[in-house]
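For reference, the structures are reproduced in the following blocks.
Same chain, two partners: chain A is paired with chain B first, then with chain C.
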Partner chain A sequence: MSDASPASNATKARRRHRKQMLASTLRVLLILVVAFLWLAPVAWIAATAFKAPRDVLSLDILFTPTLQNFVTAFGPNYQLGNRLMNSTIVTIGTLLICIPVSTAAAYALSRFRFPGGMAWQLGLLATQFVPAVMIIIPLYVVLRSAGMLDTPASLIIVNLSVLIPYAIWMIKGFMDALPMDMEEAAMTDGATRFRALRDVVVPVAMPGIVTATIFCFVVAWNEFFFALILSRNEAVTLPVSLMSARTDRGDAWEIMAVIGLTIMIPMMLISKLVQRHFLKGLVSGAVR
Partner chain B sequence: MNDSTLKWGLLAPAFLIAAVVLIYPIAQSFWYSLHDWNLSQSPELGPFVGFENYLRLLTADPEFWESARVSAVFSFFSVTVTITLAMALAVLLQGGSRLEVGVRSILVLAFSMSPALVGISWRFLLSPEFGAADALIKWAVPAWRNVPILADETTAMIALVLVDAWHWVPYFMLVFIGAMASLPQETIEAAQVDGARRGRIFFGIVLPQLKSVLGIAILLKTIFSIKMLEQVITMTKGGPGTSTATVPFRVYETAFRWYDFGYAAAMAYFLAFVMLILAFVYSHFVLREKR
Partner chain C sequence: MASVDLVDICKKFGPVVSVDKQSLSVKDGEFMVFLGPSGCGKTTTMRMIAGLVEPTEGSVLIGGQDVTYDQPRERDVAMVFQNYGLYPHMTVADNIAYPLKVRGVAKADRDRQVREVAAKVELAPLLDRRPSALSGGQRQRVALARAIVRRPKVFLMDEPLSNLDAQLRVTMRAEIKHLQNELGITTIYVTHDQIEALTLADRIVVMNKGVIQQTGTPEEIYNAPANLFVAGFIGSPAMNLIKGSLRGGTFTAPGLSLPLPGRAGATRDDVVLGVRPEDMTVAGEGAATISGPIYATEMTGDAVLVTIAVGSQRLCARGDRHFRGKINDAVALSPNLDYVHLFDGATGERI
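Right after this comes the complex of A and B.
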């Protein structure tokens, strides 16, 4: 067959080759379009942070960069320094409570039988169906009468309602997959169960705990709705302060961009980690 | 310390916190929903009215049903668009080349953005006259030159759906890429050797095996879409008019703008109830598919 008509075979091969070239060129073009659609908006916001107010409303790509917006944002009108501090306190506070507490509970639910059996796990899952607005109404009333509105502590408390179930679910999934042998070995060597947990299980389960920590970090850092309701002046976090860029004299978009960039920077720094852990966490947390 | 003390001791902190920040508010919300209570009029819980708030919701509040319609439209389109695009991009970007990995990290960055930042950024990008995306769209489609995107009922909804998809596509894309990577490669390779076309391999071999992941992804995105609130607050404020005022947005306004806590709590319960029904129907369907 093949040596019967070498010429036509060669044309066929060339044609197939050309077709493949065309397909892969199209594919690369498509990928570039996707990259543009997701990168350009972020890049535009980042660039806006360095534009003088008169350049903000122009669509020119070239402009003279300035750091004036950062000075304004950190000034008395926008108090970016204070907002940054609040976001940091709330995020770290949430993590410091959420992660140890969830790790302990995850271990208990993973290794012991509880009366009620599956009900505990279903309860964890059911929290997914609770709208945030339902939780916040009574908590607002309680925090208001306790005089705790507009404090970082109130934001930490409310964040825990979302993050503890998530973190338990994630860490538990990870611990379920760990063999019991090591703890048992440690315990037959005379260690108490608590020591076995602290010295053997926690180090081995570290990747799962790190995943949960990163997940909680991203959610707490980006949290907007609870903070919008519970903060006025003192405890305003970065995402809520985005709203303050809407002034009576119109929207100060360059300030919004500065705040936005401040919110994004930690995410950019840990984006490799986020890619590896956060997504894994969401999948195992919600899907399993 | 014996095992029983340890097991309850380990669970206790989490359980106590959950009791305060989850169980109490869930129960208390229901109690509020049985009362006529406006916080701006009285700091004390108002008179008990039984299921009157629910009755008002079901029979005498056309605006609520309008918001239910808005939520249904938004959820349907945001789930469809997000899942379809995520699957398409998963196929496009599943490889390990430098370009594909690089573009994937760009997409992940968009996903790790605060939802409030996503909403407010797009409001900026879509504003008439100085919005970069607005200008680009109008350059590409001259027929829309006079459409103020966020001030027109239809285009505002389209924008809300697409911005939500912009935010969530990266996440579901990675879920699908992960699922595809864990599929057994033999059948796919065999089909390739047999000279099957890429499209046939995808629709005939890959997609059927992704059924359960796809089902879970659709359920998850449905819940996320029904609960979505940040972008309505930051991007459209429910407008123009009430054209993008979803149910969570109405609950939020009823509670924290009008301080009608009793009625807002009833709405929140109704919302949770609908989600639970959806989840039941869905998990039943998905679980049966699996068997």
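Right after this comes the complex of A and C.
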């Protein structure tokens, strides 16, 4: 390279610079397009929730915001308050049972040998390959016989049947990676196995447990199919209540937007809140 | 404090026999080291004493009481793990206090005991830290402090120094020895490091393939190995083992002939003569009974290890640190005949 003149070097540098500029402009454009595709529907729903019914289909960016849609949605026709309560009960109920049960089961599967070995774990996973449509009929018949149709309890039970196997697998993967030394130390220190699980294994496995909790929360909160079939008036959840905005007089898009926003906001808030704990968990586990 | 007795203890993992019907007594207050290569069953034996592994057969007695099927927490033993087994989400103080906490000791009492123990192992300024903010040596001290805080009947230590660098290992070794002496608690220590075993132990148990090869004081193990395995395993560099035969009290092998004192007239085929490198001196050619060309010399600082070729064998001697010889120079090795060992070539047992 020693024979290259300073002039030709400068040209090369300019060309390289132009290339880099072009690449970075393209990258930014691509990011903007993707971001737009992700955010535009959310923004559209958020805007629609505050539009008067006559403005719903217009593409005007400027409009006079109104809270009337919320008043209507929470009113007797749509009972959004009741639906929100149902969704909250079903989701929290599901998580309160699912996470402790899955944690205990994951620990057992991770640490003990069973007659039949891996068959239990694979069987657990295999149940999840059966499509929901296939099991809804027997579930419907069983819950009807038990007089549990249209109750939050029935939705909690059905959610658990779907989520526990997934949560067990997620938490088990995390526990498999934890060294046995810690819980063995706790047991020689005088703890029972349960106490070692509570004092040592669970806190250290917390990032995995939190991950499973977020996953279960999202699935339970958004669950539509089972709730649609198994609820009628009393136990209707938020996703199903979206259907109520399709009326004989046409689709009430502004009400759907209000319901959509009600579904999204808690998820956003909770993921923000949990994210912080999630990171804290990750750091505290980082030893050895 | 208590004695530990293993009676015909056996552990099988499926078809694999990890510990094969062994019996052993550890005296009250004794520092016993289990020594052997990886997979010899030493850790499994210790875990059976701790209650972390249930024996397939046999029984474990602590202080004369049968604890074979007791849970670890019911045995009053404390264990230091190879990877320390610290609780990463707790501070050093909480780690040390945990055994007291699960036993329901009141907080004020707990704090006082933690401070006392922390001072003993020089952890006092680090009590508020998490294990992740400690060095390897400090973590090891936390594990030790957690073990001694409640004065258990028996200490179990599973290769506690193997994750430390060489210098720290020497320091910690001395500390463990001092601590055990001060507390007088029966200690069982597992290691594959013979230097650790020889320096720490009151008695050593040498194990191989699930079988106890020899139990004895470090002197007994070193000076009178019971069989070829112990002879080859203990000592660095390893003992020279030469196959040959005994003819009229003289050991003969291709390229060498050694009259052995105290074996006058003895005749036996298929024997193995063992002599440690430190029991041979390097002499000029013709001065001694084993001679050959130098195969290699290794300077270790305090000595020069001289390896010579005798027939197809290689023999190593620990020579003076000022010895300078070139490869293929002819030298002779002069063994101290009071410290040679004879083993049966077929069974490997000491003769």
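The rule is short, and it goes like this: the second predicted complex is superposed on the first by the 266 of 288 C-alpha atoms of A that agree within 3 Å, B and C clash if a C-alpha of one lies under 4 Å from a C-alpha of the other, contacts with A are read in each partner's own complex, and residues count from 1 in each chain.
The rule is short, and it goes like this: contacts are C-beta pairs under 8 Å (C-beta built on N, C-alpha and C of every residue); 3 or more make two chains touch, one makes a residue touch a chain.
Only a predicted model underlies this, so the values are computations on that prediction, with no experimental measurement involved.
A simple residue count on chain A separates chain B from chain C, and the partner touching more is B.
In the superposition on chain A, A:T192 makes contact with both chain B and chain C. Contacts of A:V204 after superposition: chain C is touched, whereas chain B is not reached. Residue contacts after overlaying the shared chain place A:D181 against chain C, while chain B stays out of touching range. Contacts of A:A35 after superposition: chain B is touched, whereas chain C is not reached. Contacts of chain A with chain B, set against its contacts with chain C after fitting on chain A, overlap at residues 192, 286-287. Residues of chain A touching chain B in their complex: 27-28, 30-31, 34-35, 37-42, 44-45, 48, 56-59, 97, 101-102, 104-105, 107-109, 111-112, 114, 126-141, 145, 157-158, 160-161, 164-165, 168, 192-194, 197, 218, 221-225, 228-229, 238-240, 242-243, 245, 251, 253, 256-257, 260, 263-264, 267-268, 271-272, 274-275, 278-279, 282-283, 286-287. Chain B contributes residues 1, 3, 6-8, 10-11, 13-15, 17-18, 20-22, 24-26, 28-29, 32, 39, 43, 89, 92-93, 99-100, 102-110, 112-117, 120-122, 124-125, 129-130, 132-133, 135, 166, 170-171, 174-175, 178, 213, 216, 220, 223, 227, 229-230, 233-234, 248, 251-252, 255-256, 261, 264-265, 268-269, 271-272, 275-276, 279 to its touches with chain A in the complex.
Contact residues on chain C toward chain A in their complex (touch as defined above): 50-52, 71-73, 75, 77-79, 81-89, 98-99, 102-103, 130-132, 146, 150, 156.
Considering their complex, residues 179, 181-182, 184-192, 195, 199-200, 203-204, 284-288 of chain A touch chain C.
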